[in-house]
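In the two complexes below, chain A is the common chain; its partner is chain B in one and chain C in the other.
Right, the complex of A and B next:
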């Protein structure tokens, strides 16, 4: 845990340093308005990344999250366009999309022992197509924009004081999920499932249930994000969220959750999403072409992973050396 | 404690256990019993049936017939791992059952974490305190909040033992627990085992190390060829006698002394004082052309590590190696080019690529000879494969078959075959006949004899004593990373080698 906490301090230090540099370089960076927008954008990625972190802890991966956003947004668009059901009623129902997709993923992964990547990539394809099929069309059969006017629905994109509601929800979800991971048996089981599934089963843990759980939660988080995104944009398109996996993966990796399973936590992911949002915001504020963003994100992922691998071998070397010293003094005292 | 328990006397009682996987009997009519609070050693050669007996007791596999009673309760033929756990039978795996990344306390209380009464959240403070209490109660040197990843192998075993104790185990099974421990760690483990005995817990202990069996055990059961040959009480435990019982029926054969013979060919490899930290210390020997140098010793004695270092897989910390008189720094690619071959211990993991054809497997180490400018010549590769198939009599003789589909013996022939088609000078062989049938074994022996006759130097590591004594011209025995004995001239018996391996050099128990 020492390694993890030191890594975290470095990340916080970097966040502050980059923030300070941007405050000096751009006059419009350090304004309440910009910071709140930054947090709002971080929260959009972050809510999805919370679910994704749990999947990674079980040593899985969920490629379907972006497409879940699209389908959830389209389900809401249909309710808004063709029914008079109040938003307070259909929004909870539309969150079921993510739960269903998660259950579907969990079923194929546990029942047929298929690779997580393949199963969720397949769901991604199916859902992306489904989003187009159920999209609201005009009389010519072309996908048409849905302009959202429902006040209840739009309120999700609003603020409380200066803070966006999504930011409050993001931090609340982060806190609750972190408590779940660290303070409940089910959360402990999630770690055990990813760290050593054989040992987990031998200890009487139902690893299948953990796997079902994390994929359903991951889908659920993506559906929640879909409501906030469409509400803020005041529209819903069938390509919403498609491709957002890249940002989510980047955030989680920067936050320090590895792909190998058994390790990771939500506060790391929160820092990762803030870091990513800061970089994106900085590129904008410095007047650099927004097309540079994906290149910067890709570069950051590589650098972070290299540093992680390097640091891990360094820390392991340290541990070995100190263990050897302890052994040597042990045998010296035994000989004496 | 309870009178009834004492009356029934036995903790575990197995009678007439029979087991065959498909065909040959692995266990025949085995009786085995354990008393409460007893340290019981189970000994036997490789393949004597020790592991199978353990698997039956712990419910990993089911017996075909025979009765089993644990604490006076009958265990049906349909035993399971879960049932064994519930009854209180625990096995100490070396690392398998601990969750990395978690603390000692989390591992001890996995799925049984203490929680607050009102909210169902884990009470971490209470859990750590409870764990520390258990640790202190047994006087172990551990902190409840230590992360598993930062512990030594010995400490992890301690956690495993604590886990067993915490789940109220009354029988703890340890399969070669000391094979990866240092001597200090071993003596710490022995203290723990004695403490378990004081608590009235039965410890079933499997070991190849005679002095451990001698020092630790209350009773010893000897298995041979799937049968129980003897149960010795404490007073009867004599390491030399146990070794005689283990080899037993093959006594005449094992005493039929194998003649060792010096080869006076050119020195191919001269190894001088090589050391690799934590693996082996100050190893010196030389191999002559046409000589088969056997290396004996127990698992974990450093045999495989020496081979790997000489072939260039792992680094050597100090010492020097000469190849035909010239200084030589091992490195895999260079080794192959120069005429070294290596037949690794773990065939499936290190020897073959299962999904790839015979041709591909043979071609991969011979790319230098079949490469034509930038590309590999398919025709040459195929002809090499045909040649290897012919030389080793590989069945089926179809170069396109994926190696994973072949029998164990034929897989091993592919591994050997890919070296035969090269200009070989030295061949390192590690446990060449594990899990292969007798026919393939004989063919393998003939191949080694032919190679030796052709002047190839062979270094053979084997735990199969008949194999080692029969094939070798000279035998080194390693123990704890050092050469403890060399059998160079005259006669050698399996018993001699086993005694040296177990640390009973010149007959004296240490």
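Right, the complex of A and C next:
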């Protein structure tokens, strides 16, 4: 517990240090507009990352999240182009896309015991194709991206005061999901399913339900992100979100949730997404060549993860040594 | 005597240098350059054209960012250029609809936007564009004439929704349908602007069609890929590309590629940069109508490709 919170503090320290360095290096970094854009970017990845964290805690992986974003956006585009159903009605309906895909993933993973990666990669492919098939086309059959003007729909891309609505939703979702994980039995079951599925099953936990639950939630989060992305861009494109999986995975792993399952939490993911958004935002302002930028981003991520892993093993070793010393001194005093 | 002369010479040189610097350092505008990706010959050449024109006017080069072919990335980079306090942004929108909100946002903050090749739906300062539809039609005309109005052609497409490629294809299809009804389009596949993928797509066309007379690839990379596939299959197919990059012009000279719609991308970039400096000096901030500047394409074939000088090849 102590080690985990110290690791968290190190990440916060790094976040602040890099933020301070960027403020010194670039005059346009520490401005209200830029910080709000940074938070908006972080939230876009972060909302998806919240769902993904739960999947990773069960030792699974969800490669379909990007394509869920694409299909959800295309479903909305269809509603906007071909129907007069108000946005307030069809938006909740389109969130069903993520839930459905999640149930599909959960079914194949639990029923046929297929590897999570393969199942979700397959659904990624299917959905990416589906997004193109249902995309709005012009008279010659070419995909033509709609220009969204529905005021209710566009309000999702707006702000309250200086803060983007997506940022508020992101932090609210983070808070609720963290409470779910730590304060409910279903949340504990998610951890148990990831830590040791056999032990969890033998102790009477319905691991299948946990698995269905996390994939459906992951898809749901991706669908929510789709609404915000398309309202920000005032359009929906069939390749929305595809490729964004990598940012989501990186954010969650930087936040301290490992691929091995059983551990991790949402505040770590929040920090991870903020961290990634900070680097990506800052790197653009340093005037370095665009060819070098991805290398710098990759390099910083590696350094952060190395620091984190190194500190973890150091701290655990330290804890073991002090425990041994305590035992030895106990037995010595007992002998005396 | 000699010594003083040397001294004088140094003095004069120094004076000229200082004078030159003060003369040339006339403007110091921060200009952003945001193409769909910086990894392509076309966008590189635009960048060189822009920077050269800016340097000639004594302005620092543009801040170039790479949107890596993703509209979402391009939108967040637009926000970034706005936050960085750019005075003007030169943008090649990945998608017309997707970048409209960003262009509106920039111009509402007093940052004029010049678009390259793809217009957006909102009026903005200027659009310096190749005539994609017209050039597609020009190539259809060349193909139709060469085939004597009869034959099978295939199209190697750009990704769905990529407006520039789509307009080239539309121009091509419309002209064939109108003027050469007996030229049949036997296939159309997306090769994502990519040479390697175009080889696979072309192989598919060659296997599916015993008789394939011509192929129109909506960019040069894909035309080069098609040429590789046709050559290794030992089939003679007319291959047309689009853009006119240096490597393709060389392949036209060698007879591997039949022709391409050539545009001088250096000039196009320079035109955008000159427009940028003009509007910034004038201080105009609001635009009710987009000023569309069309860069005319030129059909480069083996007969006339030699007339394109080395300095205009990119």
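The working rule: the second predicted complex is superposed on the first by the 321 of 336 C-alpha atoms of A that agree within 3 Å, B and C clash if a C-alpha of one lies under 4 Å from a C-alpha of the other, contacts with A are read in each partner's own complex, and residues count from 1 in each chain.
Basically, a contact is a pair of C-beta atoms (placed from the backbone, for glycine too) under 8 Å apart; a residue touches a chain by one contact, two chains touch by 3 or more.
Every value quoted in this text rests on a predicted model; they were computed, and no experiment measured them.
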- Message: Using the superposition on chain A, tell me whether chain B and chain C clash or fit.
- Response: fit
- Query: For A:319, is the partner it touches chain B (first), chain C (second), both, or none of the two (neither)?
  - Reply: first
- Task: Examine A:192 and indicate which partner it touches, taking first as chain B and second as chain C; both and neither are also allowed.
- Result: first
- Specify the partner with more touching residues on chain A, choosing between chain B and chain C. C
- Task: Check the residue A:110 against both partner chains and state whether it touches chain B (first), chain C (second), both, or neither.
- Result: neither
- Query: After lining up the shared chain so the two structures overlap, which partner does A:234 touch, if you call chain B first and chain C second: first, second, both or neither?
  - Reply: second
- Task: Considering only the touch criterion stated at the top, classify A:146 as touching first (chain B), second (chain C), both, or neither.
- Result: second
- After the superposition, just quote the angle formed at chain A by chain B and chain C, using C-alpha centres and rounding to the nearest 10°. 130
- Query: Which partner does A:78 reach: the first (chain B), the second (chain C), both, or neither?
  - Reply: neither
- Query: Touch check for A:183: first (chain B), second (chain C), both, or neither?
  - Reply: first
- Note on the structure: Taking every C-alpha pair between chain B and chain C in the superposed model, the minimum, in Å, is 32
- Task: Would you tell me the residues on chain A in contact with chain B in one complex that are also in contact with chain C in the other?
- Result: none
- chain C touches which residues of chain A in the complex? 26, 28, 31, 33-34, 37, 41, 44, 132, 135, 140, 142-147, 157, 229, 232-235, 237-241, 243-244, 281, 284-285, 287, 290-291, 293
- Query: Touching chain A in the complex: which residues of chain C?
  - Reply: 38, 63-66, 70-72, 75-77, 79-80, 82-85, 95-98, 100-102, 121, 159-161, 166, 169-170, 173
- Quick one: in the complex, what on chain A touches chain B? 1, 179, 182-185, 188-189, 191-192, 195-196, 198-200, 202-205, 262-263, 319, 323, 327, 330-331, 334
- Note which residues of chain B are touching chain A in the complex, please. 81-82, 85, 96-102, 106, 110-111, 113, 115, 120-122, 124, 147, 150, 152, 182, 184
